[in-house]
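Listed below are the structures to be examined.
Below are two complexes that have chain A in common, paired first with chain B and then with chain C.
Take a look at the complex of A and B:
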């Protein structure tokens, strides 16, 4: 009897401990979701009682041009940003997993973008992408100074080749990218280029018009004339910004995963004579499969719900070029100068929820299928 | 000992009772408007006029400035029943709140009032806050558009100042001439219907036609669009964004443009940012086809919360907020234009002072030519979005006028079907 009571106690304990969180979940998520689902079948302006209209909101969504744009932008954003940030996060993690001096400093440094306030970073990005901003300034410098840059790289190549061939002639084993030689070559070619520029032998190109690409306040797309697949310039800028700010968070996850890989695996691979690339592909990558699943899932969910950076850059860019589904929900819930369209907003929100669910499920199926090999 | 303790208790009880009766007689009316520069103005106004006038009646007023998007705030507050008793209503979105039944009609209060009468207020302003014959808001001030020009730059270029006889053509020639100066563009061209619309109205455009639709291919609209965006082709005009400025007044203040189309709000900006700028103001140029001017009216009114618990007290506050003394004070401080008819002949306007003269032009703008309120019925600000986008795209060379118009008309029809 006592034993039974104890087992009941033990079985219920986790639920009791979970209950505060579950309560919050039901009130702020479950209830809110059900209400949103109900509102999506009604016409509601926050004041008059909701009117049941059936599937009218959903039909309106499909016919709305702006909704189509929002869907296109959201999908582009999710696919491109998730792919690039996952690759970048993995690369960063592999680089920062090395045992070199001051690695903690670099880890902290690379993590900085993720802990900086998104709103502030977006503002700074807006300045960088102005017509007379830093991005265009750098592009102009690059365009005007291409001769100098070319001379520098040609010299670099020559010095490196010279040093490496010299060593090879002495029959010493040396890699083409021997770091100490590379460093020496960089310093030497920098000095020579500097001398050439100062004496006026190599000059900047004069008379080229400065780059004045409008990055934000435009609807231009790249590649041109691909209305379906083209990425608008402002959305592309937001993609860059978003990759830069979120990749470090996922880098942290990968770093944790990398440190879990037993040293023996690397040693065994080294004994078998695997190169670094092969070690990465056949040892490290499969070991990180679970982390990759987590990173991609979280990446997809957060990119599909992209809102804040669009809202801030939105002032500077045409709405059509940057609108995402989450922002579409927002401007329907709080449209400028008319009563809220909670019905439309709810329908779009339900759609966004379902879309996220479906995409994550597809991703799961793809990953599971990939596990067989 | 025991006795004195009981005595203290009794005394405390008495004190509490006394205070509670006092506080019951006192009514606090909450009023709300924007933050920023409105906050010190309203607070000074309350201190100087409203509080002294209502002290005897036991009414106190609390101003709650909202720094964020005010319309979003008031919609949320009204639906959550936490809204203040009196609040700002912009002409731009007032009708959405009125038609949703959230604003108290004021006719019965006005009928009983000794201070506030309908005929004291400029009729077109009052109309904008009326619905089905009932008045829902008392306008506190208003604005129209005027042409501000930099006298020094026109002198330097040896070009005559823009004046009230100018049409689009003569004005464009003046802009062309003044933009010959090094580093100076002609007119600041905000890609917004809030500026270009005044020109379209001048040429006979109507926001909604008889059938309730909007026709952007109306010859008047097209002519205004062509003229406005055409200026951007030469140095006669430029979008403020291309100068790194967010609005025309900003570019005007830094003397990068010789002229801008703005309301009286630019006066305060210039006072702060460019106190030595020698500017003048005149009416917007006339459309050559009609020989008329057009203009937009921007206006803010006080509205009363339908669910307010102190409606009588709130109306007393409303009377004070729009009283002749307060309006006179606002006008003389150069803060805004009063909505009372009686102030039209105010000596302030006759002063030989650039701010007073600019205010006078803006004041007169409300009765010159085809004047329309800055509101778009049930469609709200989204009515303008396609037009603003077309203006931007045409001026930055992404679309031709014809393509821009077609795109805007398509998107507008979509918007109006929703």
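Take a look at the complex of A and C:
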């Protein structure tokens, strides 16, 4: 008897242990997922019972101009942000993959943008992108200080050329961007430029109007007149913000990947006389393939769902310029003045889900095809 | 010789690395740093933006302490109390050939911020104060023949009620330039420099330095319940975070253990469904989930006498008991542990539950640490789902949703001070957590590859 009870207890154990998660999975995912499909074929306002309407919502969706805008914005956002943040993450990881003192401190610093909430980060960015904000101020300074900047770079070029040519005359092999010389040149030209500015030989340009670009509350697009491919200013600002916040998360993944690469591979490349760029392209990049796949997949999934930033910016930017699929779903489900259009919202949500799956699938196929060569 | 040259080379190379690291750091934390600094400023949108902040000058701290002491006898948190006599000095400069004019001093009836704050003010200092005659105390002629004059006056409290703030406006003719005062004005350039304004002379040191932070707490009260909104939001966020961290730790270890170490029917299906659920956007499931919470999880909540789980902690906690990514993290971790301990325990007759709770969980401390941090961060920063579930009253909001309402309220008037201050406060717990448990953040992300 005791044995039987014991064996029943053991048999049921996996399901007992899983039960809280299964409850979540079935109620808050499976049931919700099926109901979303069902709602997308109905007309429903959250109160009266849903009315079956067939494919009407999907047909309306295709004809809805705002849905088209949302789709365009979401795709633009996903493609551009995923690409740039992946590249930036890899770049940051390469910079941080050094064995020098204080590198842990810098790693923590670089990760900072990823720990705070989208609400906080979006608010800070909105403030920076105001008409009288820091972004416009920095642009104004760049514009007014172009002479100083030009002097700095000319000096930099001169110092570097001088050092490199000097070394080449002594018949020593040296690259044009030799980092130790570059550092010396940067420090020297900074000092000389500083001296020139302090003594008033090189000055800021006076009297130019300040940059007063409106970043958020505008319908302007870049490049101009490209209705289909142009990026609206507010969406572009959100892209910058998003790249800035998510790149550090992926940077950590790349960093872990870089540290897993065996030293012997680098040594072998060095023995074969490969340059740094070649080593990176032929040795490091293939080793990071799995991580890149993970980073791109996660990037696509999260960027296609972008919602928070649009909701927080809200009426500070024209809706058409920033609306994404996720936000389209939300404002149809909870519109501010009319009754909820759950059918439309669900149809758009189904579309978003399918789009995500298809894009991830395409990505997978592309990566697998790439593995063949 | 070559030896030295090589050494020097290495040193310069390291220098270049540090230079690049530093430049990138400016990009990474510059916006935060500047936001933190500006959250103290009177006007975070001042042009040109400056790195110097009046509120961080020790001279102003001393002045704020003295003024507040004169106002009510206390230096750190002040008010304008009966019997107070506030001495004040202000200096102006007029160009050569012009005669200085005695400035007009007024205690205005002014409320900062929104109309909501006006309702809270019971007594205006304007009704209970008298400004003494303004006297010239010092005159100085500068090298270019312009004249610099210092004036002095006192403000007396004439009534018998306590006023919580003492604002001040000083008006001078156009061309008479403001040089300095007992304490720097909050708005030195009103009406083309003709008016200098102070928000509250007797604020006390702390409210003076943290003016915007003080406003965040003191200006926001719920219209219906009278509760302090910002403290409610902080409390709500903490309660929901802690509850969900605990449930996630427990339920994710259970589910992760089952999926990683036990054999049973339907295991693969469940795992595939889990991966699938991680790919589907929240927008697909939120409508049904909203309805489930509205109806109290199929009416189950009625057992506890609750009709709906919308606008409540329990709703957010029930719908976030355990997430797929938490289960995934624990599964990955448990799969990596060796099975010898488990087999030994089985031979000794231990049950599955004993193996999980006595053997595996104590070994899982690093994973549980990472999971705690990631869940806390994820819940603290959650935006979409709370926005759907919490709509009214305002004191049920979490911090992220509260910040959105701040944006709507203050953003209209370009009053960025309280918005920045609120953002800084809501970022603070995570920054502290990060500084203390940095290792777990890094490990959590790199060994699982999933963000919470």
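FYI, the second predicted complex is superposed on the first by the 329 of 373 C-alpha atoms of A that agree within 3 Å, B and C clash if a C-alpha of one lies under 4 Å from a C-alpha of the other, contacts with A are read in each partner's own complex, and residues count from 1 in each chain.
To be clear about the criterion, a residue touches a chain if its C-beta (ideal position, glycine included) is under 8 Å from a C-beta of that chain, and two chains touch if they have at least 3 such contacts.
Because the structure is predicted, anything quoted here is derived from the model rather than measured.
Per the definitions stated earlier, placing chain B and chain C onto a shared chain A by superposition produces a clash between them. In the superposition on chain A, A:46 contacts both chain B and chain C. With both structures placed on the common chain, the touch criterion links A:182 to chain C but leaves chain B unconnected.
By the touch criterion defined above, A:130 lies against chain B and chain C together after alignment on the C-alpha atoms of chain A. By the document's definition of touching, neither partner reaches A:150: not chain B, not chain C. Judged by the touch definition given at the top, the superposed model places A:320 against chain B, while chain C stays out of reach.
By the touch criterion defined above, A:62 lies against neither chain B nor chain C after alignment on the C-alpha atoms of chain A. Chain A is touched at more residues by one of its partners, and among chain B and chain C that partner is C.
Look at A:217: by the touch rule set out above, it reaches chain B but stays clear of chain C.
In the overlay built on the shared chain, the residue A:337 is in contact with chain B alone; chain C does not reach it. In the superposed model, A:8 makes contact with neither chain B nor chain C. Comparing the two complexes, residues 46, 130, 132, 316, 334 of chain A contact chain B in one case and chain C in the other. The residues of chain A lying in touch with chain B in their complex are 45-48, 60, 64-66, 130-132, 214, 217-220, 316, 318-320, 334-340, 344.
By the touch rule above, chain C contacts chain A in their complex via residues 8-21, 24-25, 27-29, 31-32, 34-35, 38, 44-49, 247, 250-252, 254-255, 257-259, 262-264, 267, 270, 273-274, 277, 279-292, 297, 319, 321-324, 327, 351-353, 356, 377, 380-381, 383-384, 387-388, 399-400, 403-404, 407-408, 411, 414, 416, 419-420, 423, 426-427, 430-431, 434-435, 438, 441-442, 445-447, 449-451. Listed in rising order, the residues of chain B touching chain A in the complex are 69, 71-72, 75-76, 78-79, 90, 92-93, 96-97, 99-102, 241-242, 244, 375-376, 378-382, 385, 389, 392-393, 396, 398, 411, 414, 418. Contacts from chain A toward chain C in the complex involve residues 6, 9-10, 13-15, 17-18, 20-25, 27-33, 35-36, 39, 46, 92, 95-96, 98, 100, 104, 106-113, 115-120, 123-128, 130, 132-134, 137, 179-184, 186-187, 210, 244, 248-249, 252-253, 255-256, 294, 298, 301, 304-305, 307-308, 311-312, 314, 316, 325-326, 329-330, 333-334, 342, 345-346, 348-350, 352-353, 356-357, 360.
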